[in-house]
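Pasting the structures here.
Both of the next two complexes hold subunit A, though its partner changes from subunit B to subunit C.
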Partner chain A sequence: MTSTSTVPPRATDEKRANKLLGGVALPVGILGLLIVGSLLSEQFLTTRNLTNVVINMSIVGIIVVGMTFVFIVRGLADLSVPAMVGIGALLALGLQPALGSVLAALVGVLAASLAGLINGLLIGYARLNPVITTLATGTIVLGVAQAAVGGVIVYGNDPELQAFLTGRLIGVPVIVLIFLAVALGGHLLLSRTTFGRWVYATGSNPEAARASAIPLQFTKGAAFWMTATLSGFSGVLLGLTLQTARPGVGAGYEFDAITAVVVGGVSLLGGFGSMPRALGGLLLVTLLSNIMVLNGIPTESQGLVMGSLIAAAVALDVYLRRRGGAS
Partner chain B sequence: MITPSPTDTPPVLDMTGITKSFPGVKALTDVDLSVSAGEVHAIVGENGAGKSTLMKILAGVHGPDRGTIALDGEQVHFSSPLEAKAHGIGMVYQEINLVPDLSVAENIGLGDMPNSAGLVKRKALSQRAQEVLDQLGTRIDPQQLVGRLSVSQQQLVEIAKIYARQPRIMVLDEPTSSLSQHEAKALFSVVERMRAKGIAIIYISHRLREVLDISDRVTVLRDGRMIDCRPTAGLTPKEMITLMVGRDLDDVFPKREVEIGQPVLEVRELTRVGLFEDISLTVRAGEIVGLAGLVGAGRTEVARAIFGLDRFDSGSVLIDGAEVTVRSPKAAVRAGIALVPEDRKRDGVALSLTVKDNIALPVLDQVAAFGWVLRSQERRLAQKKAEDLYVSPPVIERTVATFSGGNQQKVVLAKWLATNPKVLILDEPTRGVDVGAKSDIHTIIGELAAEGVAVLMISSELPEVLAVSDRVYVLHEGRLTAELSRADANEESVMTAATGEVAAP
Partner chain C sequence: MKSLRKVFEVPAVLTLIHYRVVLILVATVLLSVSFVPGLTEFRTLSLSLDRAATLGLVAVGLTVVLLLGKLDLSVGSILALSGIAAIALQPQLGQFGAAAAGVLVGLLAGILNGFLVVVLQINSLVATLASMIFLRALCHFLTDSNPISGNDPLFGLAVSRALGGSFSLRTFIFLLAIILLFLWLTYTVSGRHTYAVGSNEDAATASGIRSGAYVFGAFVFSGLMSGIAGVMQSLATNTGSPVFGSTIALTAIAAVVIGGTRLEGGRGSALGTLGGVLVLAAITTTLEYESVASYYQNIVTGTILLILILLDRIASDSPRSALSLSSLLPTRAQKRSPAP
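Then we have the complex of A and B:
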């Protein structure tokens, strides 16, 4: 029982320092990487390279938006992302000859969305473990997709759409604009709507949320449904920009999205974090890997760096939580 | 073996001058307790009298601020529960701490498995368990999985597990609270056998009849002080109740005169098998009704069922004379019911969110248009409620975790008052709350009643119930045993009904 007026000064200083650490670490890290990157390589601070960084961010960024909801609602993580990306890309290209590009893309998103609905029902309403459930649905969806296309590469045939997506609109790559729109929508949904409040409350204290008449099951389920839908959408975009897809095209995206969210300081324990934080984490991670690539660091060592970064971010989160007194 | 008379053998346990404070509360003041070998020594007292704290000190969970513990005349100091265990202190708590997927024998042997090179000797294990069970005179199969046993059998296994470590002192904390009277008999014969083996037994129970039947001496605690220690022979339940509650009521809870209106909340024959049965009660507009009873009597369960947090098997809930379906908190809130829950940290607040977010939670649709939160309205509502309830400091953008327990409780109250309830159920609204916040909360409850809210208040603090309530219902083991008007309700009449000393009305 710490009454606010009786907290000794040292403890308040400590709290302030912790708050600073939690809020400032990310911008400082990004700034630091920009400086280090430009010192290490002349190519780093070129428009061309930074444009590449932002484009690279966009595809996984759309998934990060969903994954942020999953984290804050205390849903642990969605491991069905690669399957949803895969099914989106495969259907968008595979159905092109039959349905046309737009309709095929729509079917791609809807298929992932439907699978996401199953995730949501199983996790939200049947209260199954999210990690196991998404692992299972992901494996099933990927299996079906593989069987459907025969496990080979699918090619698209719509160079015009490809050119549009990889081109620019008012000077900004179209794909980046799409990502920014999704990010803004996700940010507003999380921070400004009743649903967003439900997400935070459910993640912070599910029992109290239930006692406060919050639709717990819906909220949790919706977070997973959103993530799958956005992953499918991301897969469609990926397929259309490459005009080629194989079932395994989404491999690793779940890891990238989780890394970004965790590094952004969104708590795995739920109830804390924000869209800007998660996207800041994404920017930091993308910059870091860009710098490593530019400086010719071998892929194996990159894994080591990324893994350490995640471990450090999780450790910091747990440390700050303990200090903050919230369990 | 002849049972030695407790008074002429030197005590196995001698606790003297035990004093213990927690931040803001003096839990124990100068308490003495001495227990002899082969004695069953009962400790009685109201909820919060200090029984558990005293036992936790004996078990090495807490260290005393002052006072000494001596075993067989030798002073000891426990810095951990393990040390206490090593000195032969065995604790059997209310909750059962067994592994349901292991057998009885394995549970009894847990922590001390007979093995050779890390491989469990199964035969030795079950042999030892059989011996222990035989000594206690129970007929439980050591090979049976614990999860398949009844609660009362599990309780006996729990005791056997502790007994197997050959303790000198055995503490039984409310061992019969979840047992029927018939099941309790089996337990008593086990206690008798342990007594005959010369173990010193400390027995904590709210069932006074039981205490009279089984114990040799009784120590009465009240408000953290030792009131009396007497031989059980010759005591009556009435005398014990007087010893437990006999204190002057100081006038700290001024009662406001409020006009009482029509019935708002009516509960009819509410039943949840195994927890509570046939609960019928009425709360009128402007009325404050107390729901008294001992811990475990089913008060919280009834409250949670009325609010739709837990299901019930039969019965009905009426608001303003019309039956409402309260199958979820959402439905209850819509019907105008609010519940300030017993466990604040679990059901009350979301600690990592701000005061504003917590208060707005159940009324988001009031401050939102088509799902879009109107932030200035949200802030205004939260600010007003926080100030109405004297949340201090009234800074609504701070996370709840940074507030004291009393102020967190006010945040929970603020949250529920924001829903403008017709019926407010308060479950232990002032537990763990400092004196200042407590008096604030009492003032608020009085104001609400004056505004015509029907208030149902659960409290384990008898003086609080008596001072605040217009009427008091008393629960004993899931049944209503009394309905007392303000004039008839006093510590004795409530405690008598709460301990089941009167027949159901």
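Then we have the complex of A and C:
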């Protein structure tokens, strides 16, 4: 297991061709959207609009980084994301008067991280089903967060921090810089470190991974811990930029993140995928949504396209895998 | 830890864990009765059951899907869409015709899910996520995101009104569905095949069971049940809303799992689901009566769920239960490993 490549050496030419098609589809899709978008709306290819696209990507993007690990490690999905986003946002704002902004934000991330630790222990070490476990912990965590702030909408009172986060540093929005840093860190962790190789090994063949003395339980648990922590962090950022948080603030983020990862071609069956792919999927989904908004399609109805896109992306992935696979 | 393991090897403890649904149901009902005066009165009981019937019907459909080791996240969207059809088509088809059309919408949505999972071979979690998003958007698209009302508010009252001083129509339909599901799973060949497919799809296929057909059928059944639930919910409230059922999928999955059905498939029962639904109904009634905030209810439900799945894991890890047939079969993780 010294190679970081996920392609087994027995790859045939046909497999390589399929991989090429799978790898090309995403950039072509993004390029196509850029062309279609600029044809449909004059405002699309402006710096202001594209900056907005990237800012919109950033909050979900931080969660996508974690979810990618969950997918590759064959952890199915983390459904506790909305709760972690919620507890991050609620605590970061709710504790501001008592602890000050920075400390409150830190507590928000730590609380999500602690809940993620429970997720990790239950899924990694106790081998519980990830879907039902994250569903249960998510329900509990959100309940606790609401109880902690009294179940109401919380308002922040730190316009300076808000201005800093929504402002720019060397010409780039600060929130985008934070996202890029997290994404780069996640990419390096996945592609350049021993832990990253453990993640691929655990996801592609658990039996072989166990035989190679890879700490399966730790790897799987860590993926869920990371996702919860990043979701909490994302929630804190969301709360601080809006300076207001309601308990349901994170609703839908789990599905947004899953959509991005799936559209990026990261397989739910584990062992395959990369950070650039997942983030490419996110970019594609965000661009598509932006084009629809610019052309007057309401957000609620965009699911008609998004739902079809998810099904098509996964069906293509399954088809390519089956054709290229040994079966 | 050793001594803890020992405790779980005692046959009596294992039996208790096996019948944990009954245990937890008795406990919650006792708690409810002690907190809510008059809960044992028939009228109160009938009302509580009526409120749980929608969740119950969805849970009945999900029981079969979960038994097969699959997941259906789209039930809430199907519920909303069927309800909208049952209200919006009233001028064209009449009240009964529209209700039938609503149920048909549920059936068609189930066929869509079956197509995605069985024909296109998409993992059920992602497939039903896609149809959940798609159908929910369709609801918003058709109604412009506004709730719609039917033409005769009195028509739907029959659904939720107690029939002749007993239960309401939808309670009867829910109980009937549970009984039929129980009889089917327990006494028919295809019912037993369902367990076989859920335990190990490949092995079932190898023994001549058409696994794909069972999975397809399960999604159609789940869609149908959500459709019926949605139609009755919309008739009872005389409203079709694009936001109906947005959280019911997770609650229904919780009810089914509390009832002892495992997400890995191959184990579960109709009566367990009845127990799970009743547990959640009892908790809701009690906490609402005590006017406890709904988020405390979430904490209680989540904790019960977590304890139950943890107990289930410990019980199935103990050597004694290792002798059971289901544990001899390969786990899902091994089965899913890529082809060599």
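By our rule, the second predicted complex is superposed on the first by the 307 of 327 C-alpha atoms of A that agree within 3 Å, B and C clash if a C-alpha of one lies under 4 Å from a C-alpha of the other, contacts with A are read in each partner's own complex, and residues count from 1 in each chain.
The working rule: a residue touches a chain if its C-beta (ideal position, glycine included) is under 8 Å from a C-beta of that chain, and two chains touch if they have at least 3 such contacts.
Everything quoted here is computed from the prediction, not taken from an experiment.
When the two structures are aligned on the shared chain, A:T137 is found in touch with subunit C, with no touch to subunit B. In the superposed pair of complexes, A:T47 makes contact with neither subunit B nor subunit C.
Judged by the number of subunit A residues each one touches, C leads among subunit B and subunit C. When the two complexes are overlaid on their common chain A, residue A:T193 makes contact with subunit B while staying clear of subunit C.
In the superposition on chain A, A:S204 makes contact with both subunit B and subunit C.
By the document's definition of touching, of the two partners only subunit B reaches A:P215; subunit C does not. When the shared chain is aligned, subunit C comes close enough to touch A:A311, but subunit B does not.
204-205, 207, 271, 325-327 are the residues of subunit A that lie in the contact sets of both subunit B and subunit C, per the superposition on chain A.
Of all the residues in subunit B, the ones that touch subunit A in their complex are 23-24, 307, 309, 328-330, 332-333, 339, 341, 346-353, 357, 360-362, 364-365, 368, 371-373, 375, 392-393, 399, 401-405, 407, 415, 432, 434. Across the complex, subunit A meets subunit B through its residues 1-4, 15, 192-198, 200-201, 204-205, 207-215, 271-272, 324-327.
Contact residues of subunit C toward subunit A in the complex are 71, 116, 120-123, 125-127, 129-138, 140-141, 145, 242, 250, 253-254, 257, 262-264, 293, 295-299, 301-303, 305-306, 309-310, 313, 333-334, 336-340. The touching residues of subunit A, when paired with subunit C in their complex, are 74, 76-77, 79, 122, 126-129, 131-133, 135-140, 142-144, 146-147, 151, 204-207, 247, 255, 258-259, 262, 268-271, 298, 300-304, 306-308, 310-311, 314-315, 318, 322, 325-327.
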